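Pasting in a structure now, in structure tokens, and then I'll have a few things to ask.
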């Protein structure tokens, strides 16, 4: 049977990325508290395609994914990328995994436990250079929080508009950084964390704590930046903070990136 | 050229709806203030398919849509449905149109003008019965508003959590009901309307007004219901109110439907 | 601390549904092959609210969900609904759960194994009437398939346009119906199932099998209907078939519902 | 009334972007055929925030947008950015506009006219450097097309799987490039364009033409790259090609970027 993908292309146009996008897959992720947790992910896998090949063999990506049984840790990300490098004639390999991640959280007063979901992702790549393979990984979290508007509080005789917001942190690091660490930084950078379960005492505490700590989207981005700057493991970061403004039908946005 | 769609099907299974879904189309909608406005819509068009036909001719839906040049009013909805009835061998025809609708709105104190966008839709159908054609139309609006939590305000020494919410109203009526009327009902049923443009004076006014009128999702649904019950033109309604809770990562929801 | 939700409302407007929407939660679902599987769900929980109460206690929904630890089977759906009925002063309770469901599938020629993801959901409710509680459940699946156009094949000298489509089946039944059964019915009703992993031999087989079985969206809806009509357990069904037409930027749609 | 945004921040963290995101707005876009067309857009507007300011004045973005009445051309993009530069104490300003764009298209055989919708966007920025302001603009289009798989055609005795795909082109140029030009390049790079309205003769022609020109996602990306490389106006491009594979539930992807 003819291997069409392997046929020659003479246009001299290399492709930076070819691969599969949006594969849904059950995975097991490292969990600081419980060692590991089950969740479900959307997976993208790409390699570069040298100019002389017509196409890539898309089924091989799925085979590699299957061989690793959906286990996802920094170590396994590297293994999967290495498998991609050896199965394809390529110089770079990319693996992107995005999933909901769950952490048991105690309500601030009652201590009532419930699971909070966070949007998490890993964007890893391996790059073959003359001096050896370079592994790169971005760890990302999207953290829902409450934000109380400082301007609204200051100028109003009573109340202050507030809203659900998302703080997004992406980092590159020289040593393991847990999702839990980034989530904690994001939650501490906001007017208040949000919770899945709050009893009446908790709702009072969260309302007052948030009202006592009004912050702009700009403040949240800077609060996170400040923490990440101090962390010796972090070599690059991008922070985004997006308020689903309760008084508008559009969002307020702030972004800070390390130099 | 063979007409495959027209071939016979002998399984005796009529289909309630066959047609096209998700056609994006520029339309002109009736506007109470400016007579008409330009916007863009997603359009669905269906007819029923008698048991004995294998398929329908999907291109005819687009031809009918083209002949009406994207003009959308109650009258034209009826015309389009009649054209569908005459072009297809069918007993019912459905036309669904969803679009952003823009209204110029003055900020409460400064009077600063800006455009607010509302999600609007029309779900129309024509049904051929022995006693003649029956035209049915549901008018729908999705209205972003601010909601301040009464429980949070009551139990807290200061502040109150609030959030962007959506009030959805769908009605059937015996006489013309403007989108503007339903939007006004929704905005009056909430802690406060939202605005695209608010100067500092406006922000103070909106914050205080909302704080002075704390309402649950349940209250908003009832406030709207009360208004619709009193309106003699309205023969059916469904109201939904959904708060993007600022202290949770999930929503609070309430729904009321007329008997 | 005042219980605001419990205060009296005198407008005499009962609400059909109040509750929480969009809680993300890790769940364990019954699996015909492996007894159970881990996945993640979006959960909605509602009860009706009698006219005389101002609001409902949203945190109780989460507490009930937590007590059942995310185990989802027909039995547990009923248990959760009963817990809702006993914790709230209500006459109806609704529980809606939607999740990706994974099935290991062998490629048609090579037998290569891989996981296919299906969109699945359970819409359950409990209704208190004078003659006792009535449990109702809709089981739903969204199944990706390939559809080859019979008209395009018939009129063209070579080739035939085809596309990814989704067949959606929703049923009510008197006895357990597995997701696997509905998925199998959907896949058999299409030109061909789709697969996550296909080697070259498989791709040839799938291409030819699909080309040999051209079907309209209408045919798929009828093929499924025929199977469901014959099944004594099924007391209600709705089937939808939606082709992401490869020659258009809109979809072709067909729907059949039992009488 | 205190200007909280203007208060001093002493953490020495400048923010690269602060502003508003997701404002829905009716706009008028330049149209090669009809001079201009009405459509609706999602608008983002950002400026950088010097380290010493606590926040930005979000309402000013909306005021600037209003002053320009939603007219969008290269000239007006520049005007809006200049207005942002003069209203904010900033060194960079960003304006992002995304909208459906409609082009009347004739079916290949019947010549039947209909409107095709394309996803279009403009990402513009102005950057104040010592040597003057630098205007930068990325023009983007997302073009739906049909793609027939060359491998499937080659190895199968009959038929070939095909699917709706999206070719995304983004360019920077030294002179005006029309959306129509990029759309034409994308449509010519695929197995076939797609159409909103096709009569039976057209469907035959499209099916056969596509079958006669099987192409991988990789080929489409290269076909577009080839055209853009030859165009002296184009100084940067990124091309993406994504097939909604009809035999899989995931997509095939290829990307090429200029050096």
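The letters A, B, C and D name the chains in turn, as written, and every chain counts its residues from 1.
Everything below uses one rule, namely that a residue touches a chain if its C-beta (ideal position, glycine included) is under 8 Å from a C-beta of that chain, and two chains touch if they have at least 3 such contacts.
Just so you know, these numbers come straight off a predicted model, no measurement behind them.
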Neighbouring chains common to chain B and chain C, by label: A, D
Selected pair, greater C-beta contact count between B-D and A-D: A-D
Copies chain D and chain C - interface residue numbers shared by over half, same or different: same
Identity of the chain that, by mean CA position, is farthest from chain C: D
Interchain centroid distance [CA atoms averaged], chain C/chain D, Å: 35
Centroid spacing, where centroids are CA-atom means, of chain A and chain D in whole angstrom: 25
Approximate Å spacing (C-alpha centroids) for the pair chain B, chain D: 29
Touching two or more other chains - residues of chain A: 1, 23-24, 117, 151, 155, 196, 198, 200, 204, 249-250
Residue ranges of chain A touching chain C (in the complex, touch as defined): 1, 3, 23-26, 37-40, 59, 62-63, 66, 99-100, 102, 112-115, 117, 196-201, 204
Complex contacts: residues of chain A adjacent to chain B: 116-117, 144, 146-148, 151-152, 155-164, 192, 194-196, 198, 200, 203-204, 206-208, 210-212, 244-250
Contact set on chain A toward chain D in their complex: 1-2, 4-5, 9, 11, 13-24, 44, 46, 49, 54-56, 58, 150-151, 154-155, 216-219, 221-222, 225-226, 242, 249-257
